[in-house]
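See structure below.
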Amino acid sequence: MTNLFWRTFPVTTLTVRQFLGGKAVRVVVAMSAIPCLFALIYLINTTVATPRDYLVEVVFRGLMAPTLLPIMVLILATGALGNEVEDRTLPYLTMKPMGRLRIAFEKLLGVLVVAVPAVLAGLLATYGIVRVAASDYQPVFRRAAENLDLTSVLGPMLVAATAGVVATASVFLFVSLVIPRALLVGIVYVFVWESLLGRFLTGIRIVSIRHYVESIFVDRLDDPAYTLDNATGLRAALIVVVVVSVVSVVLAAWRLRRMNLE
Amino acid sequence: MALSEAPIGQPARYGEVFDRGYKHYDGPQLGRGAAAWALVRYSAKRALGIKKSWTAKIIPILLYVAAAFPVILVVGITAFAPNAEVWDYADFFIFTFVIEGLFVATIAPEMVCGDRRENVLPLYFSRAITRLDYLLAKLVATALLTLTISFIPAFLLWLFLQLLADAPLSAMGDNLDDLARVAVAGGLIALYLGAIGLMISSFTGRKSVAVAVIVVAFLITQALGVALFEAVDRGSAYHDYLVFLSAGQTTIGLVGALWPDSDIDLSELALWTYVAVMLVVVAICCLVMLWRYVPDE
Amino acid sequence: MSRQRRVFIPDNGHVAPLERANLPGVIAGREPTIVVDHVSKWYGDVVAVSDVSFGVGPGVTGLLGPNGAGKSTILKMMAGLLAASSGEITILGGPARGRPGVYKQLGLVPEQESVYPYLSGREFVRMNAILQKLPDPAGATERAIGLVEMGDAANRKMGGYSKGMRQRIKVAACLVHDPQVVLMDEPLNGTDPVQRAGLIALIRALGRSGKTVLVSSHVLVEVERFAENIVVIVNGKLAAAGDFRAIRDKIDAHDHAVRIRTDQPRRLAAALIADPATRALRFDHEGRIVAETDDVRAFYRAVPAAAKRYGIRLFEVQPDDESLTSVFAYLVER
Amino acid sequence: MIAVDERTIAAPMSVVPEVAPPPVVEARGLEKRYGRHLALDRLDLTIPRASVGLLGANGAGKTTLLRLLLGLAKPSAGQASVLGFDTRHQGIKIRERVGYMPESDCLPPGTTAADFVGHMAEMSGLPSRAARQRAADVLYQVGLDEERYRLIKGFSTGMKQRVKLAQAIVHDPDLVFLDEPTNGMDPQGREDMLDLIARIHRNLGIAVVVSSHILEDIERVCQHVVILSGGRLVVSQPIGDLGDDGGNLLVRLDGDPGPFVARLTAAGLHVRPSEDDDVWGELVIRRDGDHVYDAIRDAAADLDLPLRSLRSRSRSLEDVYLGNVGVENGTGGASDGAV
């Protein structure tokens, strides 16, 4: 079985082994459990919000999209090629009769193989716990229109998160080939660019992955209670995500071709 | 040296060839304590980026500026508008906590990650120190540096506020208790944050990973701690102890316990509880680090 | 010594135009597999390799030079990992860089020790076999591991390997696709004598089977044991290229010192000083004769002849400049 | 220059006194296990105050032994003393008086050599000012002068090795352990490093233990050799005692050796080409007696062949090593045709 992986996607398999062999996966898995912890806290006390609100605003839009998802992906994406550059093992891959595009693509695939399940599993587990919590949720204000449906949140969360993982992973796969300390730069990006500046300068949203992730999420959720200022339409957002990913992978391949490997 | 032997009246002709060869060292060898102290000084200097390029210095400098800013602000306002409502010490410590956290995230990885990654550890451990000496030296260095952010600005604030009083000397005498509180808060916070930062850094040789994990750990535990603190029924027996889930809450609680008059209303725990728990956390961090530095046997 | 030995020692400052048939380091009548054509490499203002031209043909060639001379840079440029700042490197008729297809026929044992610590040696070699798109990766893996005699440790994680084991698994990974051109950057570094003997035998066998093998090394005593040709790089410039002994012959034309231990040193000295090949004589602290000569061959003939004539017993005749170490030191001195 | 020569020649006499000094290392039944793996197997070892070569294949236990001797790991059984201190309890005392140069790269690239070596001196307890002075002196001694104020990042392998050596002797230890000191160095660098190592013992009176794979290095600088194999001690003896096996003379000629060989064979001598035949054309002639010298001389003179070299081959460390380690000798054509 492993033999089959090695033969079909050697670089991807190598990348996954690299993650499993290092500490990166442990950190990422630990981080994917963090939303579950928040869900557990909600289990203790459901008075703070409706289950739907909690899932949408606290877990996804408060925690996952702006902070956890980008950092989890960053750790993996900057390590996938960055560690090979730093450890000077990259020649073992580039000195093969194999296109650079394939190396870049397989590396991205390796990141996704680890990151997507980690992010989605965290969201799923959180969803499950919040569902349990919802069973003893007592609506405080017995508003007739209060929407308690949780199931309709799950799909949009998973779709938007997946799009976010793909876009972030491909962008930072390329960045790690250009900048030596890509992880630090990425963290500054997440905390300064996406969180701080994005809050004040609305124009920045156009060049913010988080913005498109939320756009997709809000669009799929289709609930007037949850909106996003200047949201981009679903189709446009998806196109942006796809184009950004493809361009990043192509750039990474171009960079691999041009790079001088010491 | 031979000059005086020259006969008077004649010009001294002096020439000597010196042995530039290796000489044995016959000075003192000061032992373990001195070695550990040397490590403290060396680590502290390098973590601040002294003798390194300006890129290594820029973040510490920015953080110092950020820490000095509120001091200037508070002192300035008090000077011109003595009756204005400005921050008290508690508010000050809560504001500077963020800077302290970032500062520790910057310097703690500098302290230990390089030694691991660049393989300097075998050299250190072949010297006249033990592993525990090494760790304590790193902890002291981190804590001393953090003290420059957690204590000195607050101390300056205290000093300037007394100098603004009509009778500075007597004001100082009257407010010695505040100074003592500032010292306790600054010292404890430095030791506590430093130990946590070092403990995390001891797990990796990659500085950027350590920085990332420290920052994320501070943020996430803070969010979790606050959420849990809010979620749990205030009346329950263990509610107050939930502040210890995050470094930020712990610090706020400590400051609240030190200045009971401030409007911090986090928990009812006594001061000694904070001191004890923070010291226990420091001890646990040390144990974890000691385990991380056990030779691969 | 039937085949023609050509040798190249460049004159200072003079740069000859490159002619394929007349390339330094290539045996006449053989097509060079690697051609380095007026190649330079700068790092900012620092010149690492300065206008170097030579060719490497089949067989084992030693790439020699002091630390920082530019050997690794040249190997990396040949392997296509680094771009030359000017000039061109051709491998098997095409450019080395930007042509992944060449790697089917090219293998490199890189200088750095780093490997994937989380893979076992066998997995690592097999990964290389798969990436080379070999039809039978498993078989090729076993063959390559067999070559470096790593069967016992092949299933262990490489993170726990000693330096010597890493070197050998790197060699196995490089040879797994049986390339025509093999570049090795300090492959003997960190190996113990037994491992080294094995690797040297392997390198020699590769050369004999008609492959082009270029091996850089510092340990000259060992280069003597595997290389037929050498290319010497000093300070980023080509100092010498060609057959080992032929280069030595060139150096023979310069002053030499020879140490002679005998039972009657004064008598032999008296006989030798009369010989025109001898330029100067002295005794060292162990009572050996140290003779300086500028006609090495004549002097080496004169010694046994004189000894025989006067019935002097020769215990030891040791040129100071016999080993490659001194050939090398001589080239470096300029 | 001449004065230096004389001192070098005279020094060994003056350093080696009549009564043997106490050994620097004594181990009795020293054993170290890592799980099931026996890294050192009941080692009984006495290392004299000299320059000592420590030989062994990778994994023979050299590094483990050094770690035990520095008091960095506890033996599973047995005991050892270094400079009279017990390794189990007096690690600090030992490390104060011992210098260690590890094999691996261990220098922080972002530091200057002077800063780093000075810091390492302080780590051995030297006062700050003395440490800096010693660092400058020692760096000068190992041949780093102007460069000592540059960042280690830009150093070549040879310069790095010098810095590593400097930090090992900066606190003026009584004993230094050097792990693979010439690894990765170019010929000139190796020469210099070997000279430095030889001087450390000869001129400075510091006992030296050099572990190396390169036998020539050990032969050049050491007076005593210790060989480990599979965690066991196989040889510990003065290097001179390895001796001349009386066996062979090595002869190298210019031109066709055929008639020469024929003539010597006819005279009843045993002649064979050496293993490295196709490279150098060196002949191995068994020395059955002093007449062999004369036969070689006469043959060369009569055939008018240039006698490039004539030397007797003492049993080289490689022979001792291979003989004792008992692994199949892979030199020569052993695996020819494998490719």
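Per-chain residue numbering starts at 1, and chain names A, B, C and D are given in the order in which the chains are listed.
In this section, contacts are C-beta pairs under 8 Å (C-beta built on N, C-alpha and C of every residue); 3 or more make two chains touch, one makes a residue touch a chain.
Bear in mind the structure is a predicted one, so any value in this text is a computation, not a measurement.
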item	value
Intersection of contact partners for subunit A and subunit B	none
Of B-D and C-D, whichever chain pair has more C-beta contact pairs	C-D
CA centroid of subunit B to CA centroid of subunit C, Å	55
Cα-centroid distance, subunit B relative to subunit D, in whole angstrom	46
Euclidean distance of C-alpha centroids - subunit C vs subunit D, Å	24
Topology of the chain contact graph, where touching chains are joined (line, ring, star, complete, other)	ring
Pairwise chain contacts under the document criterion	A-B, A-C, B-D, C-D
Subunit D - residues contacting subunit C, complex	5, 9, 56-60, 103, 156-158, 180, 183-190, 213-216, 252, 254, 276, 279-280, 290, 293-294, 296-298, 300-302, 304-312, 318, 321-322, 325, 327, 329-339
Subunit A-touching residues of subunit C, taken from the complex the two chains share	76, 79-83, 98, 100-104, 106-108, 110, 112, 114-119, 123, 126-128, 130-133, 137, 173
Partner subunit D, residues of subunit C touching it in the complex	65-69, 146-147, 149, 162-165, 175, 178, 186, 189-198, 200-202, 204-206, 208-209, 211, 218-221, 224-228, 244, 285, 296-301, 303-305, 307-309, 313-319, 322, 325, 328-329, 332
In the complex, subunit B residues that touch subunit D	20-25, 27-32, 34-35, 38-39, 42, 46, 51-52, 114-115, 118-120, 122-130, 295, 297
Subunit B-touching residues of subunit A, taken from the complex the two chains share	23, 27, 31, 34, 37-38, 41-42, 44-45, 48, 58, 63, 67-68, 71, 74-75, 181, 183-184, 187, 191
